[in-house]
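By written order: A, B, C and D. Residues from 1 in each chain.
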Amino acid sequence: MEITLTHYLVLSSVLFAIGLIGVMRRKNLLMLFFATEILLNATNVAFAAISHYMGDLSGQMFAFFIIAIAASEVAIGLGLLIVWYKRTGKIDLDQMNSMRG
Amino acid sequence: MIDHILTLLIFFPALAAMLGFVVTKDSMRAYGIAVAFIEFILSLWLWYAYDPMVSGMQFMESMPLIPAFGINYLLGVDGISLFIIILSTFFTLLGIGSLTETRHVKNLIITLLFLEMTMVGVFAALDAIVFYVFWELSLVPMLYIIGAWGGPLRIYASIKFFLYTFTGSLVMLVGMLFMAYFYYQATGQWSFSILEWYRLILPENFQLWLFAAFFIGFAIKVPMFPFHTWLPYAHGQAPTIGSVILAAILLKMGTYAFVRFSLPLFPDASVFFMFPIAIIAIIMIIYTAMVAYAQEDIKQVVAYSSVSHMGVIILGTFALNVEGVSGSVFLMLAHGVVSGALFLLVGVIYDRRHTKLMSEFGGLASVMPRYATIFGIMMMASVGLPLTINFVGEFLSLLGFYKQSHMLTLTAGVAIIVGAIYMLSAYKKAFFGTVTNEENRNLKDVNKTELFGLIPLVIVAIWLGVYPKPVLGPINNSVESIIQLMHDKAQSPEAKERIPNLSESKKIISMKEAN
Amino acid sequence: MELYLYIALFAPLVGSLFSALFGMTPKTYLTGYIASGLLFTSFVSSAILLTYVMGGHTVHVEMMTWMATGDLYIPFGFVVDQVSVVMMMVVTIVSTVVHIYSVGYMDHDKGFNRFFAWLSAFVFSMMVLVMSDNFAGLFIGWEGVGLCSWGLIGFWYHKESATWAANEAFIMNRIADLGMLIGIFMLYWNVGSLQYDVVFAEIGNLPIVIITWIGIFLFIGAMGKSAQFPLHTWLADAMEGPTPVSALIHAATMVTAGVYLVVRANPIYDLIPNVGLFIASLGAFVALFAASMALVNRDMKRIIAYSTLSQLGYMFVAAGLGAYWVALFHLMAHAFFKALLFLGAGNVMHAMHDELDPFKMGGLRKVMKGTFIMMTLASVALAGIYPFAGFFSKDLILEVGFVEHHYVIYTVLLLTAGLTAFYSFRLVALIFHGEERYKLFGIHPHEAYKFMLVAMSPLLLLAMIAGSFKMTYYQLVINLLPSTQYHVHNEVTFWIMTIGTQLFVMAAILFAYKKYSNWNSVPDGSSKMENSFGYKLLWNQYYIPKFYEEVFSKPYLELSKIAWKQIDLKIVDATVDMIANAIYKTGENTRDIQNGNLSTMLRWMVFGLIVLLALAVAFTVGYNAVSA
Amino acid sequence: MFEAIAFYLFAALTIVMFTITVMTSQALYAITAMAAGMIFISAFFFILGADFLGAIQIIVYTGAVMALYAFGMMFFDTTRNVVEKRTNPQIVFVLGVLAAVMVVAIFVAPIVSNNIQALYPIDAAIGNTQAIGMVLFTKYLVPFELAAVMLLVAMIGGIVLAGKKMDKSLTLMAEEDIGSMDDSIEPQAGGH
């Protein structure tokens, strides 16, 4: 009963799907951010697993940069969220429809 | 200078148009006439310098544009394009000269000069891409003319005109790209030169597809039934000058392209599609003539009559013999002159009464005798009376097609009957009878500005009807070379048989003479 | 001689253009004089050419190229030979007379100058028609006379009926012209040339089927111009034009162009006797058919028009049976007396202030002596009484029918001869004899200008003596036409026939006089005869115009309207608009995707991701399947 | 064997934690479950021998990111029940499951794993952190520096955005107001 790369990839897919469901389901922007973190983490798992099974460090590098991006995303995202909250007092996704075509 | 006369012809009006932006409003008309006149003289010089005995391209110019893909700035004229170029410059001159439009004259003249560039460009281009560029560019000034100076439905009409023709030409572009690709596959080199494409013998099934792609682009431009519905709207809404140029020159692009592209590139496909196209042409002739008969608006009568006549041109083109193709090329010129003149004439009455409904008129012959006379001459030319310009083209086109099919020609010949029916009844409604409408009682006859446009057209219509040789001769030589090329390229036995072999018959004649 | 040829041909054109210059200006006699003078010049030139041709020469010139492309070569070529010179003489004589006559007749008309422009243009076209040396040139003249006929029938363009008749004539002729055009196409593609000499030399080498078709199509052209059934209705309606026009175009020259074509193309028709027989049969039918309509008509000009139609039938009988010279001879004789008859009718019309119903006239011989004599003599000539022109030409046609053993045709023609005599003298009797019924309408008739009568006198002379030219004419034209002599060989039969015919015709004349010379009332449609079926049938011209109106004109208009409003706007254009609208609608509907709701967008994004992934899977599977 | 037990255990835990994060309506539960999930994820990194990554994961996510989120939560006052409108939840699940199936289908396909060649092979002799450091500061130096700049920018951006006063917004203002604002700014620009 050996754990292969496929196991990790399936796990990563499942986590990614959970993240997707969250992204689609959530209307509260903060909670939506949580879901995006899950998405990023799911890919990170896949990268690390591939890196391990292929014996190549590039996967870990990518995961590393993804973590960096995730960090900045949170910083900027929260900043924007604060701005929005100051303006409207709400962070509900359904109310952000000024892009209506 | 004569070596670069085509470039000069193309870009002189464009350059002049750009300079036109700095000309003051009052002197704009004089400026426009001067430019158009110089351009016309240049085109006449082209004719003068043209050697009628040579059947191939003359005044060729070449300059690489995108060498990697074999796209060159390649120009040249032969007997087929020469006269359409002259017709373009002629009509631009007449159009500007007899302009009665008063709103934004400056913009209008600049637009017309740009349009002239694109028209001359289309007919002088020998590179498919250059051809395509001018072909598409020509839409823009016309769109602007209809959209800015048109009638109440002008936006609808201009958008319909633009989108419709644009869709067609996109399909054509795909065909061109495929054609170039086939050329690349066959020779290992990219080329968009039409003359080099001529040398390529394509397998028959490729020909059929490419022919269809080109056909859609051309057919919409012509416009062939059932793609013709943009034309009545465009004519109905366009100002007089727009209709004149549209009918006289722009429609000819489609039929010219048939002769330039479809026939020599795809001889087998041309034979294959000959009968279906002939049937469409006959539907065009008879059906649109009937529609014209039912019209209440005199401009629509002329518009639909254009479609009907274009049917005869198409029929002549697909006769695929020298008589028919020469006739159709000549009929392009003839139809340009006649329908252009008729639109000018309709414009005259529209300027006076601001209506084009025939029921509003009646008895104009006694109020405006000169107008009625000129209209009558042009109407008779349109009906195709011998010794007018249209007859020569119609006679030759039908004569040519008779070789291919007796029954279809007989049916197409109904053109001369139905043509007479709608034209005469329209003339009767507008000009005969007593003056019933009080507003018509004091209409002024044609004035000098209008005569400036009309008299030359009347002269040309009769001159070329009586003595078409100076024009027909060069056309004939070039058409003969195209037909011979088609015969040589044809692969299927049917095509070999349908397209006459001229060198053989020439040989027989020369043998006879030797004996 | 070429100079005379050109003078004969182009003098009318010059006259026409000169008059056209004054087309917009008020009346000036100058145009009338110049046009008539030039016509006379043309006549003189024709006469000179006639003497030249009688000397056994012909003139053939090629002025310039008209159309040349591929193997096609059509020049403007003109030929003066034995046939065309006869036609030229007929055309120039009648038109000179008509021109001079018109100076008086159109005196009070505003369109005086315009009239002469058209009239001379017509003569020019007619000259082109008869002088051309090829079929294309013939077609130029053919259409040219059609155009001038249009302009002249519709000369009084403010009259609805006139313009309608003009259009009808033009369109009907066009229908026939299509047939002729097809005939020309067939000639070109089978012979390779349109020159008469080439065509006639080579026509014998073609298969008989092709020749038959060529003959049929050319004859269709002739049917239109010569108003043969079923394309005959325009001729009666064409009487809307001024009377000199009717005399020149619709009696003497243009309508005989069809006969001329058949005569000219005799080498073709000689090869196809079946078509010839058809032509003869149709001619005989038209002769009777038209004469019967003339019996009851109450419009003076229409009666003469039907008479013309009937006589054209005679000519076609002769031409169809191969007696081309007889046809041409009758054409010539008929031109003289029919033009005279029409011009006389014109005088009467003037006198009666454009009243056309002969029942409203009567007793005019007292005031219009000259006209009375001329019309009576013309009618005598038309009836074919010895020694007038009609006797020599018309009885000859009867003989042709008899000699060729077409007894049905012969009988029909004989009957028609009786009818002809009857209706002609019915007309004469009603106009010039009996009570002066016109007084009821307060009309004061007057005789026409003297010079008009003088102008008519050459025609009178010719109508009387044309028969004496018969042998000279025969010697002339047999150079070109088959020289068959038509004699009844049995002496007794010949005399019985001739005298019998004469007696029959005289009887018809006497009957007409007896019945109508003492007419004293204007019929008002209440008499028993007027309500009989036969009368109504004839009065309504066998209901043929009505039939055409109901079966062709109206449905065509309706169909045109359907084509425009139902098909073009509702189907063709609507389809295009539907495609455009479908695209618009798609945009309109998918606009909801862009509703600005981020949550929805995210869902669409995921959806797109899935689609892309599915594509990736599908392609991979497909790729593996192919590579495996 | 031990590895398998660890994998399945942590896999189960991670899935549960993230599911709670996605599904719960209590913000507090969500953030807590996510923090736990992050830590469990780092377990996989340790199992896979990516020690450095695991450490980073714990520090960055559980340390920094979670702190930020916790702050955000307090700021937005979402400690109580989060009320969200649910539209078509079935579609959401169908799409999610479909996506997972697709991705799995691609991952298990044989061609993916067969065609990968190691660019920077892992040297068993050196430690993970050292190896990463060597690659990071040689081959990935530029991306690394860029990431550094990006973080800096993100930090400044976050500060600026959070501190900005939002009393005027062009997008939410009426046309006339913007026009009058234009006039007040550049009164000389009159005729268009």
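Throughout what follows, a contact is a pair of C-beta atoms (placed from the backbone, for glycine too) under 8 Å apart; a residue touches a chain by one contact, two chains touch by 3 or more.
Here the structure is a predicted model, which means the values were calculated and not measured.
Centroids built from CA atoms put chain D at 96 Å from chain C. Averaged C-alpha coordinates give centres for chain A and chain B that are 63 Å from one another.
One simple way to say how far apart two chains are is to compare their mean CA positions; for chain B and chain C this gives 36 Å.
Of all residues in chain D, those touching 2 or more other chains are 91-92, 95-96, 99, 103, listed in ascending order.
Each of the following residues of chain C touches two or more other chains: 599, 603, 606.
Shown for chain A are the residues that touch two or more other chains, namely 20, 24, 27, 94, 98. Taken as a graph of touching chains, this assembly has some other topology, since it is neither a line, a ring, a star nor fully connected.
Of all possible chain pairs, the ones that touch are A-C, A-D, B-C, C-D.
Against chain C, in their complex, chain B makes its touches with residues 160, 163-164, 225-226, 228-230, 287, 290-291, 293-295, 321-323, 326-327, 363, 365-366, 369-370, 373, 380, 385-387, 391-392, 395-396, 398-399, 402-403, 406, 409-410, 413-414, 416-417, 420-421, 424-425, 428, 431-434, 466-469, 472-473, 475-476, 479-480, 505.
The part of chain C that touches chain D in the complex is made up of residues 599, 603, 606-607, 609-610, 613-614, 616-617, 620, 624.
Chain A makes touch with chain C in their complex at residues 20, 23-24, 27, 93-94, 96-101.
Chain D contributes residues 87, 91-92, 95-96, 98-99, 102-103, 105-106, 109, 111 to its touches with chain C in the complex.
Chain C meets chain A in the complex at residues 591, 594-599, 602-603, 606.
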